[in-house]
Amino acid sequence: MAERILMKGNEAIAEAAIRAGCRHFFGYPITPQTEVSAYMAKRMPKVGGCFLQAESEIAAINMVVGAAAAGVRAMTSSSSPGISLKTEGISYLIGCDLPCVILNIQRGGPGLGGIQPSQADYNQATKAPGHGDAHILVFAPATVQEMVTCIFDMFDLAEKYRMPAMLLGDGLLGQMMEPVEFPDIQITPTEKPWATCGHQNKRKHNIANSLYLQPDQLEQKNRERFQRYAQIQATETRAESFETEDCDVLVVAYGASSRIARSAVMTARAQGLKAGLLRPITLWPFPKEELRKAAQTAKNVLVVEMSMGQMVEDVKLALEFSKPIHFLGHTGGVVPTPAEVLNQLKTIAGGAAQ
Amino acid sequence: MAERILMKGNEAIAEAAIRAGCRHFFGYPITPQTEVSAYMAKRMPKVGGCFLQAESEIAAINMVVGAAAAGVRAMTSSSSPGISLKTEGISYLIGCDLPCVILNIQRGGPGLGGIQPSQADYNQATKAPGHGDAHILVFAPATVQEMVTCIFDMFDLAEKYRMPAMLLGDGLLGQMMEPVEFPDIQITPTEKPWATCGHQNKRKHNIANSLYLQPDQLEQKNRERFQRYAQIQATETRAESFETEDCDVLVVAYGASSRIARSAVMTARAQGLKAGLLRPITLWPFPKEELRKAAQTAKNVLVVEMSMGQMVEDVKLALEFSKPIHFLGHTGGVVPTPAEVLNQLKTIAGGAAQ
Amino acid sequence: MTTVYEKSKMLTDMPLSYCPGCTHGIIHKLVAESIEELGVEGRTVGVAPVGCSVMAYNFFSCDMVQAPHGRAPAVATGLARALPNNVIFTYQGDGDLAAIGTAETVHAAARGENIVIIFVNNAIYGMTGGQMAPTTLPGQVTQTSPYGRDVKTAGYPVRICEMLATLDGTAYAERVAVNSIPNIRKAKKAIKKAFENQIAHRGFSIVEVLSTCPTNWGLTPVEALKWLEDNMIPYYPLGVYKDVTAKEGK
Amino acid sequence: MTTVYEKSKMLTDMPLSYCPGCTHGIIHKLVAESIEELGVEGRTVGVAPVGCSVMAYNFFSCDMVQAPHGRAPAVATGLARALPNNVIFTYQGDGDLAAIGTAETVHAAARGENIVIIFVNNAIYGMTGGQMAPTTLPGQVTQTSPYGRDVKTAGYPVRICEMLATLDGTAYAERVAVNSIPNIRKAKKAIKKAFENQIAHRGFSIVEVLSTCPTNWGLTPVEALKWLEDNMIPYYPLGVYKDVTAKEGK
Amino acid sequence: MANRVTVNEQVCKGCGLCTSVCPKKIMVIDRDKLNAKGYNPATVSNIELCIACAMCAIMCPDSAIKVEKE
Amino acid sequence: MANRVTVNEQVCKGCGLCTSVCPKKIMVIDRDKLNAKGYNPATVSNIELCIACAMCAIMCPDSAIKVEKE
Amino acid sequence: MASYNMLFAGFGGQGILFSGKVVAYAGLIDGKEVSWLPSYGPEMRGGTANCSVCISDMPIGSPLVTEPDVLIAMNNPSYDKFIDTVKPGGVVIIDSSLVTSSKRREDVRFYEVPATALSNEHHLEGIANMILLGKLLESTGFTSMDTVEKAVQKCVPASKSHLLEHNLRAIRLGMEQ
Amino acid sequence: MASYNMLFAGFGGQGILFSGKVVAYAGLIDGKEVSWLPSYGPEMRGGTANCSVCISDMPIGSPLVTEPDVLIAMNNPSYDKFIDTVKPGGVVIIDSSLVTSSKRREDVRFYEVPATALSNEHHLEGIANMILLGKLLESTGFTSMDTVEKAVQKCVPASKSHLLEHNLRAIRLGMEQ
């Protein structure tokens, strides 16, 4: 580990990707993630890598298709409207079993919406990253430092499971500076016998493809992929529990809103209210078990999101309605305050006490 | 009502749309829905309407944005990969509060997938039709006749609630012929004081826009929209109950798979097994109440889908895990058979009897 | 007293959101004046892009639609097909029109769609803070070409008028600039002509306007005018690239 | 006995999925033979489009990627950037390249991306059953122009080589046809030259090949050759539209 | 009687484009004034010299200038 | 000894393109044969006339023809 | 009446989809529930085509017939592909001019009609499919000739009404086989 | 130590983001948790800019400061926008050369520093922001001058190290106000 320096989230992600062996980045400008491209544009030529500003988000994700098929670590980045445009390409990456990393530094929607932080693409990322039966790995770090560690893991897991991994951040995490240090990791490139990089007359030709005209073949492909998904759901969930051992009220929040929730939980504890926080780090796979465990002593659960309540459904599904699940949310770029979360915690605890 | 004629689902939809007053159709070819465009290409010139083959799905949905903003009844049609490409545009339509009708005649995915029938875009349609906090009306008719009636309703409701309505069909429904009759309805065009059709110097200028740079304004817009959603969820759900009054096992299925489920339920009943079917017609809003009612006597619930199990979550959320929920699904274009549904019903009933 | 010049009534009272000295504002005026002079304000519908002019819907007093990034020509097509007797125009930046919106632009032209496109070429993505545009000049430094646009990796600028002139559907394509009073007068003429074409149902007209971005070029507004003249005009020659009325002898 | 002609080794044993007499098969051969003759099969990666040639990945014996509809040039760009010393080509139809893929095509050309594009122009969407393509001729009847393409509502055909020739990044653009033996020979030469360009890192080369679709044109394969000659060639003149090696004096 | 040139000071952004084209060099930025947005607005230093050519107004991106001829 | 023209009958789709270009008009469709895919394959009616120009083979979209010169 | 799940299979261009449509219309005219579903997509091109037709008193579940009561096969590949899927006791009708496979099943009613040869003989070129439809009518009695006549009228476009009589002649010819 | 939630606000180009960064770096050097968050997007252009800086012993929740302990305001619009959000007992420092608003609050510690005038006087053109930073240091003691020096070193790019001394002079000047 090196010195801790102050760095913007977006720039830290870019630096982490380069250190994780990514030498192919394809972007298209959009607020609040333009710094990723700007950083890549500066650094890639220095490390012999490729930064390319594509003509559109669609072109960018398809350049990722090509680069990923060729076997290199490839990445693209955008924000909400741009991610919608990438959904066809993401579905192809899934269908072709190609690894890559995609950033969604979310902003308020729908439509052009706004440019302030939001978490309203949760459903899209976790349930419908494209058409068809499909999933991608979704990571939701909460600090600039965690963004860095996630990026390393995401490249690894994407290759291990041959699927795209998305970092679901938001404008707050992308724009803020925090201290960060970069791990000194030696990247050992994964063997990719499937890569379409020219067979040099030494093997059968490789094909990256998602077309299967025979329904039973396509079904077979999908079932194989869902077996992989099941394995991932069993082994790759990540979450952080904070003060959950004896909590009366459990807050569930991820990414930027988990930071606010954490402040509120700390204040609540200081004021004698037994609050706890479960912070999913992977959103897909959703950390069901971790959540169930964290909620064991809780009489009430409060989900805090910067959306109209998208993760709530996953919390309900995980807890199977075994306890009341409340929701506090803001949308459109409004960031909740620790005070209002605290208030809500008190109301819930009060109500529960009645 | 006129004579019953045999008509392909895709063509019946097109004819219904024209009769419902749609004079602006923007399409791009994709199997299995090309007949919609082909039909429109033939008929529109005869009724003074506009059929336009766009250069892409993205162009098509944005032509719909323009036409809808102008205040006319506009429609576009595609199939799974093409719908992914439309998600940005759909999110804009939502953000601008513009009505329109969108067809998704689903095929197997992910990626290019196949061209046989599928229901694997359920999550996309109902939970993430685009980025941001957003919903659209989603109708899932099960017969060619019902496609016709739905189309009329969809144009009306889309205008009433100023939002897009999607018909979520599949290759089976689009390609099959069934008897159909067209209601003889006089369309009374809704007043659209918001339309951007030229103010003729008689009113303030109208604006169709989804940009709100102030987070609180954007939040306000979203909250208003979600109030409308709540009203829709309270009043516009639709479902059909079949033999549910005393059922032991309740099958939940929509669209094409509900037809198969229905056959299985009939055979089961004939064999003395008390099966019933709840068939959601609206997928968003999801008919929670109707489902709860239909499941009242059921000891078990079986969800049948042509996907890896996407609606299952909505069924769980509606029934709050009050009874065991089973799943039978096929994906990639494989259509379940009545025999295998029946088998599953028997297994479940047997298991339950033990 | 006679008024020699005042603000067009086709512009609202809303102050423009552009940076000081940004020539987007001049182009707005030319569009507004043309429409006002032709007396078609009441039946005009404009389409705002995503770019610095995203809020053009607040500035023009006609009905306005805000289109997704790059898709203004498609939105305008929808409007034009629904409102064949109205006047439809888009106002788009170079990122919007020449990058993400390339397909929509080319095909609106190929279709001879009866619309006017005002194409503001400032050789940069203004709104997002100065990234390279398809029209960024070779060697030009931007946020995403920090060492100057290297044509070997980032490719060559696209000349839109030249490209669209190859399409049979294009009725009129002219490139103008707003860096000086004479050029502004010519730009006004071109823009007005484009609207006249549409009123006469002549089809697709595009006016490419070379414009400044003092903020992201890192120059004062006055320096920016000079930079435009010295660097952009040589690469993007002003002039008429297609004009069907010329053939018609009008 | 000496072999005068046999199937190229760059083609697999898989029977082609094309309709009887569809000239897609001829173009496949020309591509395969060119690569084989240049001895670069082992370092070639092809990109198949969405269109009748969607399964080209089964037919060419080099590594292959199947791209989303219209996005082959972007996929090829990703490949080319990751594999700068390989030979990358796309094989695309007119719907794929000239409609949905317009932006990707134009910008791969503008960037001078070091790839070869084989553009199969058959004036129709073959795979989906015969809808109008951007290249469908005026008056031509298709599923979506049942009364003949009406240029007033459906617009004019796009001439891709002419359009791309306006871009500085295009190194080579030629239009050929495969309706007769002499034309096939010329087509072969053009395709081979495109690959030579790439091996020499000259940048973006496109060969537009006029091709038949007997099935959706409603003609026999032999009639289709004649229709191509009588109708397509006059509208899409054969020839070289850009060639940087000509300037270099090669 | 002189011509009249009115600068809408609240709208003016002090960009100086008008000053750069005024043939009489009478359009100047008023460094002593600051409008609500924090800009130094333009002003006419000597209206007597004004020829009402309107170049300043034509150039002003913010339509801040009105020119009237006597 | 004559030249040799081999038609891969299973691959042939009976399209007739080869027959249309054979200068000697000896490449013909065999109406009496049907391959597994249901097509009438092409065949050479009189190999003696063949000049091994390979036009048939160059034209064949399905690479069904091999031409050998004596 | 019984319900019928029928499969019509052959090459594209043999009129497979058309005869399926006539049968479906007949069911409709008889007041039954009917459905018709074609195979679709690129595999149709030049290759095989087939369609599923269901006629029933009850609402039709899956319109996709995977275990037909009736199979009409007009080429070898289709015959080979579907013969084993026919329900025991079902009906199989083949155009024996084209289906040369020697494979037979004992548990179905089997009719061999040299329809293509017959159509050429009787100047009914190109409508061998209608001859087979006649045989279908005769062998199953799924509807009346009267209904079939009406159904054909529905399916032949007004502009081609001169073909009507031809079609009916072919059907009658088939009934006599 | 206390935790600080600070807001730096002014026009773009006044070095608002830079002084926020120096403060954050100071916190980092002191071993605190810190965060820095700029306002972003088009509204920054030509208009106002501001940044939130948090320094704390605990992990920082929201980096967005909505109720600052400390407000440094360098223009009227920012002052008007944020003055009411400052926590009672907080610190407000204004560049009184630019902030001409007469509005005051009694429940905060209020410092008026004619920073722009001072910077011109002392040949420290363009770094009025650093003068205000000096005042911030002096009035809150959020860190030591030693740390601030190190922090400025971190923030000034090597290529512009000649500006280092200027910046430090400005800070010292501010501390004396």
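The letters A, B, C, D, E, F, G and H name the chains in turn, as written, and every chain counts its residues from 1.
We adopt the following convention: contacts are C-beta pairs under 8 Å (C-beta built on N, C-alpha and C of every residue); 3 or more make two chains touch, one makes a residue touch a chain.
Just so you know, these numbers come straight off a predicted model, no measurement behind them.
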{"item": "Steps needed, at minimum, to go from chain B to chain G via contacts", "value": "1"}
{"item": "Path length in the contact graph (chain D to chain H, fewest steps)", "value": "2"}
{"item": "Contact pairs, highest-scoring chain pair", "value": "A-B"}
{"item": "Approximate Å spacing (C-alpha centroids) for the pair chain C, chain D", "value": "34"}
{"item": "Gap in Å, rounded to a whole number, between the CA centres of chain H and chain B", "value": "55"}
{"item": "Centre-to-centre distance between chain E and chain C (centres being mean Cα positions), rounded to whole Å", "value": "26"}
{"item": "Shared interface positions of chain F, touching two or more other chains", "value": "13"}
{"item": "Junction residues of chain D - those touching two or more other chains", "value": "19-20, 54, 66, 68, 99-100, 102-103, 106-107, 127, 134, 154"}
{"item": "Residues within chain B bordering two or more other chains", "value": "31, 50, 52, 55-56, 58, 81, 88, 92, 96, 111-112, 115-116, 209-211, 213, 335"}
{"item": "Contact set on chain B toward chain A in their complex", "value": "58, 80-81, 83-85, 87-88, 91-96, 106, 108-116, 118, 120-121, 123-124, 127-128, 130-134, 209-223, 226, 307-308, 310, 313, 316-317, 320-321, 330-335"}
{"item": "Chain F to chain D touching residues, read off their complex", "value": "3-4, 10-11, 13-17, 20-21, 39, 52, 54-55, 57-63, 65-70"}
{"item": "Interfacial residue positions of chain C with respect to chain E in the complex", "value": "1-8, 11, 15-16, 18-26, 28-29, 180-181, 184-185, 214, 220-222, 225"}
{"item": "Of all residues in chain G, those that touch chain F in their complex", "value": "11, 46-47, 75-77"}
{"item": "Residue ranges of chain H touching chain A (in the complex, touch as defined)", "value": "21, 24-25, 28, 33-38, 40-42, 58-64, 66, 154"}
